[in-house]
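By written order: A, B, C and D. Residues from 1 in each chain.
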Amino acid sequence: MLLEIENVVGGYGRVEILHGVSLGVEEGEIVSILGANGAGKTTLLRTVSALLPAWSGSIRFAGKELVGMKTESIAARGLGHLPEGRGIFQMLTVQENFDVAASLRRDSRAEVRKDIARLLSVFPALTSKLKHPAALLSGGQQQMLALARALLGRPKLLMIDELSFGLAAVLVEELFTTIQQLRDQGTTFLIVEQNAGVLEIADRVYVMRGGRNEVAGAASEFAENRDLLVRSYLGG
Amino acid sequence: MLQYIINGLQSGSWYSLLAVSIVIVMKASDVPNFAVANMGLVGAFLAYSFVSAHLPFGVAVVLGLLGAALFGVIIDRAVIQRLGDKGHFPLLLMTIGISLSLAAALELIWGTNSLSLNAPWSNKTVHLAGQIINWDGIVTIATGLVIAIAITWFFHTTAGVRMRAVAENRSAARLVGVRISRVSGLAWGIGTAVAALAMILQTESSVLSYTAGDALLVPAFVAATAAGFTSPVGAYVAGLVIGVLENLTGGYISTALQSVVALVVVVLILLLRPSGFTRTALARREV
Amino acid sequence: MMTFNGHRRRRAAAAVTALAVGSLLAACGSTTSNASGSGSGSSSSSSSVPGITSNTITIGATEPITGKAATAGQGLEAGIKIATQYINAHGGVNGKKINAIILDDGFIQSREIANIRQLVSQDHVYAIVDPAGSQGIAGTWDFMKQAGTPMWGPISPSDPKLPNVYLLVASRTAQQEVAIDYFAKQGLTRIAAIGEDDDLGLSLKDALAQQVPKHPGMKVVANETLPVSTSDVSAAVLAVKNANPQALIISTNNTSVGLILKEMGNLGLHIPAYADQGAANTGGVGAVGPAGSAANGFLGGLQVDLPTSNTQAVQTWRAQAQQYSGPQGLSAFSLQTYMQEMAFVEVLKRMGSDYSWSNFQKTANGLASNPITLGALPPIACGPLPDGHTCGNQSEIAKFDATTQTWSVIQGFTAPQS
Amino acid sequence: MPPHDLLPDGNRRGRRWAKLASLIVLITLLAVVPPAMNSYDQYLITLTLVYAITTLGLNVLIGWTGQLSLAHAGVFGLGAYLSTILIQHGWGFVPSLLVAGLGSAIVGGLVVFPALRFSGFTLAVASLAFASVIVQLFDNGGSVTGGGGGLAVPVFQFSGLSQTMSTYYVTLISTVLCFVVAHRMRHLRFGRVAFSIRDTEIAAVVSGIRVVRYKVFVFAFAAFLGAIGGALYAQLETFIFPVMFSTNTLVLMLVMLFLGGASSLYGPIFGAIFAVVMVELLQSFGSYQDLLYGLLLMLVIGVLPGGMASLPERLRTSHLLGRAVRGVASRFGRGRQDEATAASPVPPTATGSSLVDDPGDGVESGVA
């Protein structure tokens, strides 16, 4: 297991949201977490990244315990997190957004530059916008920047929170395809989604409800069996 | 008139530098540093001690600034970062506590008498366009300008870009591996050094005492606010505006009213332009 | 005998207060009303007059030993300590030793009031001697009147005309009036003024209103008011310069005086400038030190002789003050409270064995016919109210020489022209 | 959600009675004990109560609604000056107290107009300017305000009582009334609205609450309390001058507020006790007292970021304890949620509001 979450309890302030979540992601997989609003998906990702404290339980990444580590150290270990709302620095230019993300890189600047060039070839729309403040990008371009920026840190596993949010269906489709390609190049993905379209690229699926992971299975099962999906969302 | 404007630019430069310091610290730590003036005084008193130990003025100032920067880093590590996730109010109160403690400590160490921090240009004047201009005024205004440019440049270096990223979105910056504690330490170090520069300039042209910072704090915060707490250039300009307004008020209306009038005018400007003096503040608001 | 048992008792009292409000708030319900808590019935209980026992007389003072006026406060504290030490070493007063309780008020009004109340109602001092006269002391007048405790020589408030309050030396206003007369004598008629936006500035306004009309041809050409504790005096000095005056009178805190002198030097405004003793810190370095060469020729008022004077009285004080280990022992403030406490002891000696407050008042009110002359102070000649409790209005003027860093008296004790 | 809301109904009712009873005991003690004290102790207790009322006003403003308005020292002064001037012009004490309070409430309500436009620090600066203007009025009020020289205060006195005790009882009665009113408001719709303004202003707007109306009311109520505090302060000090209402006083108020606990109703009382008692206790440390005061302040806020009012809660929910409870609870499975909620590792603090305009931090919104 690349990422192993075991019986994690946590939440905001005094409010417990995660009541004991357990799940795992194997290297090279695309795993998706589905669930309605308020199911605790975002809270889970934030807890994994130590943006929220885990009250109890264990989170291991590549064999190392993450609970107790700082967010930036977790990122440095190769666990990327593309947060809800994208986390783009709006007042920075696109180039500067990349520069910040290069904080994670320990290799040469030339390497980083090469990577940026490669990412720009994946997302050509960004090329002409390098000197523009990110605030001026369209929603889709911002999502591309967020993805590209997260990839610049060369994560072993990238957690993505609501990739599809607020984007046109065509664009979502395009991004999903890109993710599939990236997986083929060796990146593992854990994707939180409300959009069931993710089932087309995911290997496995967990469904969360009320702060617990209720159902799990192969993505194909869910894709074929809409009934199962609906039931897992609504309970029963 | 010219004389009032030059005097205004001089005192305005003190406010500006403190305001720039406030903005830098605010960016990295998201805390309004009420201790800014007294932390700057640490550098001024150190410089004074080095001058008293017969070091050349320039060396003494550099050592004072370094000492101040180190002090800023220590405060950040020992106090601010420990409270980092506890929210605004505890941090705000903590800087008040730091300020009170520092004033008391400075009084204990350097005494209650006003001291003179003498620069090579102290008490020297130059005649310009029929006006008598103090050298310390010229040096202060020039230094303020240089620092404003330098800080603006800094915010486009890698470290500066990270600081801006942290200011805009702390969590997102951490998620891409920016080490908050380093950024915070850097900001407190640079910020305190800039504040120390302000206090060295101010105490050189007036007197050095542990209460020297009190009168500068409010105008400095007003300047920082006018800049929306984001733009060092805005803070710099706002500081100068306040300084000039104060002196013109003092000269043509009443010295008793000079601080109030400046404050009120700035508020009126804010009422007309809630975004402050700068475009960046506007951009930030739209986010 | 220089004890500070007041502090220990104060701690107890504050603890009781904390208990009374705090622990009751915690509302554990177990509080018993053991809260008379003031340790009141201590040494004074044997006598009907507070603060007097068979072998001690307890006096109290509150001074700004910390805070913005610490330089002055520490000097005022030093003088009381030095005087007390000296008196006790020489047998005390009629065999009784002086016990001086000195509290710190940090130059904060509410603490000044709390201190006076502590001294009177908890420490049961016989009299308040030489408290600092900062603005807050006016908040104790009502209380002092009700308590009846004598207040001897508060440093420089205006006279509240209360039966138990005696002002020994020239007020700020009186000093400034003397300065106005002095300028008139020099033929200087265009007068400028810079005052602080509090009682200091007000005293100057009073002096100008009183005294300028007495000199034909004299007029106030500039009258600037500085915000309290500002560090930016340039606009005010520039405004003064533009009015083209022949002399300047300043009534601000020490630091501002220094800044004003410095700014005058920078602007090339070379006219005589005067400040009263509190503002100029005459005899000390408070104002002139930081001003450097710009302080040359600066005129400072004196309520009490220069601490560098060679009169017998000042020499005796200086010999004592040199032994004093605390700060500001040799300052003019120290000399002032020292002399005033000496005068207080002189009153006590004249009272004989009857220490009642009525006798104190009778003795003090009778000084007009037989003033106390100590050498370093003008004669202390208190009389009955309404005006008699301003026991002296003469002041000196000294000039500062920046090259030798010394003060010298240029006009001896003089009263304002009436 | 305060923890007692989680208690079963009967238990909660019991605690409410216990609270009420202990409050009555407390007030009775405060009524009967001080006459036996000396005037110094009486002064200190009165000063504590005056500070408590004043800080309560600031608490309503900052602690409840998160509006960082810094006009409070000015409003405090306004209460002091208005009441004093009215009494000097022959008004009775109680009417002048009330008129000073209401008048200041109207003036304080005016601050709300910039507040509707500004938030965070911009409001702070605007309100600070407002306070400076007020203090300037004291300074330049000629014979009406006494200018920089100040004003002697005619003190109200019950016949048969000393001046100090009269002021004390007036202050005690005022304190009780102010806290009762504030308590009622806090637990009525008003208080919930105020808190919702603080926590999520946008949500409050969306949910149809007329934020403007409530803001005006909050600012006015805060100014009322501040002015009552100021009027009583004038009675206690018997002499007032403009410098008494400067930024130093504001800093003291902020210290009392945050140190006591900004969102707790009783926080101001703890803050006031600290401010008054510490100064007196530390006096025996001579020249080190200011340093100790500052360091102590830093220490308290470092240990108790939620202020002193959060201490009991903090003790109840310390990390170790919280973990232990959860550990046991999770073993038994049932009821885990409630217990863990009551004993979470993060103590509640009054830290929710943002002093600076929200930086648009999408990721963090919701944490605070």
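One rule holds in what follows: a residue touches a chain if its C-beta (ideal position, glycine included) is under 8 Å from a C-beta of that chain, and two chains touch if they have at least 3 such contacts.
This one's a predicted model, so the numbers in the text were calculated from it and none came from an experiment.
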Q: Give the chain pair, either B-C or C-D, that is connected by more C-beta contacts.
A: C-D
Q | Longest centre-to-centre distance from chain C, chain (CA-based) | A | A
Q. CA centre of chain B versus CA centre of chain C: separation in Å?
A. 37
Q: Report the inter-chain centroid distance for chain A and chain B in whole angstrom, where each centroid is the mean of the CA atoms.
A: 41
Q | Intercentroid distance (Cα basis), chain D paired with chain A, Å | A | 45
Q) So which stretches of chain A touch two or more other chains? A) 51, 83, 87, 90
Q. Which chain B residues reach two or more other chains?
A. 104, 107, 168-169, 171-172, 175, 256, 259, 284, 287
Q: Would you pick out the residues of chain D that each touch at least 2 other chains?
A: 139, 287, 290, 360, 362-363
Q | Touching residues on chain C, where the partner in the complex is chain D | A | 4, 7-8, 10-11, 13-18, 20-22, 24-25, 27-29, 31, 33, 35-38, 40, 65-67, 103-104, 106, 109-111, 113-114, 117-118, 120-122, 135-136, 138-143, 146-147, 196-199, 201-202, 225, 228
Q. Okay, in this complex, where on chain D does chain C touch?
A. 19, 21-23, 25-26, 29-30, 32-34, 36-41, 43-45, 47-48, 139, 147-150, 152, 155, 162-164, 237-239, 241-244, 246, 266, 269-270, 273, 276-277, 279-281, 283-284, 286-287, 289-290
Q. Okay, in this complex, where on chain C does chain B touch?
A. 66, 68, 70-71, 74, 197, 224-227, 229-232, 234-236, 238-239, 242, 254-255, 258-259, 262, 265-268, 285-286, 289-290, 292-294, 327
Q. In the complex formed with chain B, which residues of chain A make contact?
A. 49, 51, 70-72, 75-76, 80-83, 87-92, 96-97, 99-101, 103-104, 133, 135, 149-150, 153
Q: Please name which positions on chain B make contact with chain C in the complex.
A: 3-4, 7, 10-11, 104, 107, 111-116, 118, 122-123, 125, 132, 134, 202, 206-209, 211-212, 214-216, 246-247, 249-251, 254-256, 258-259
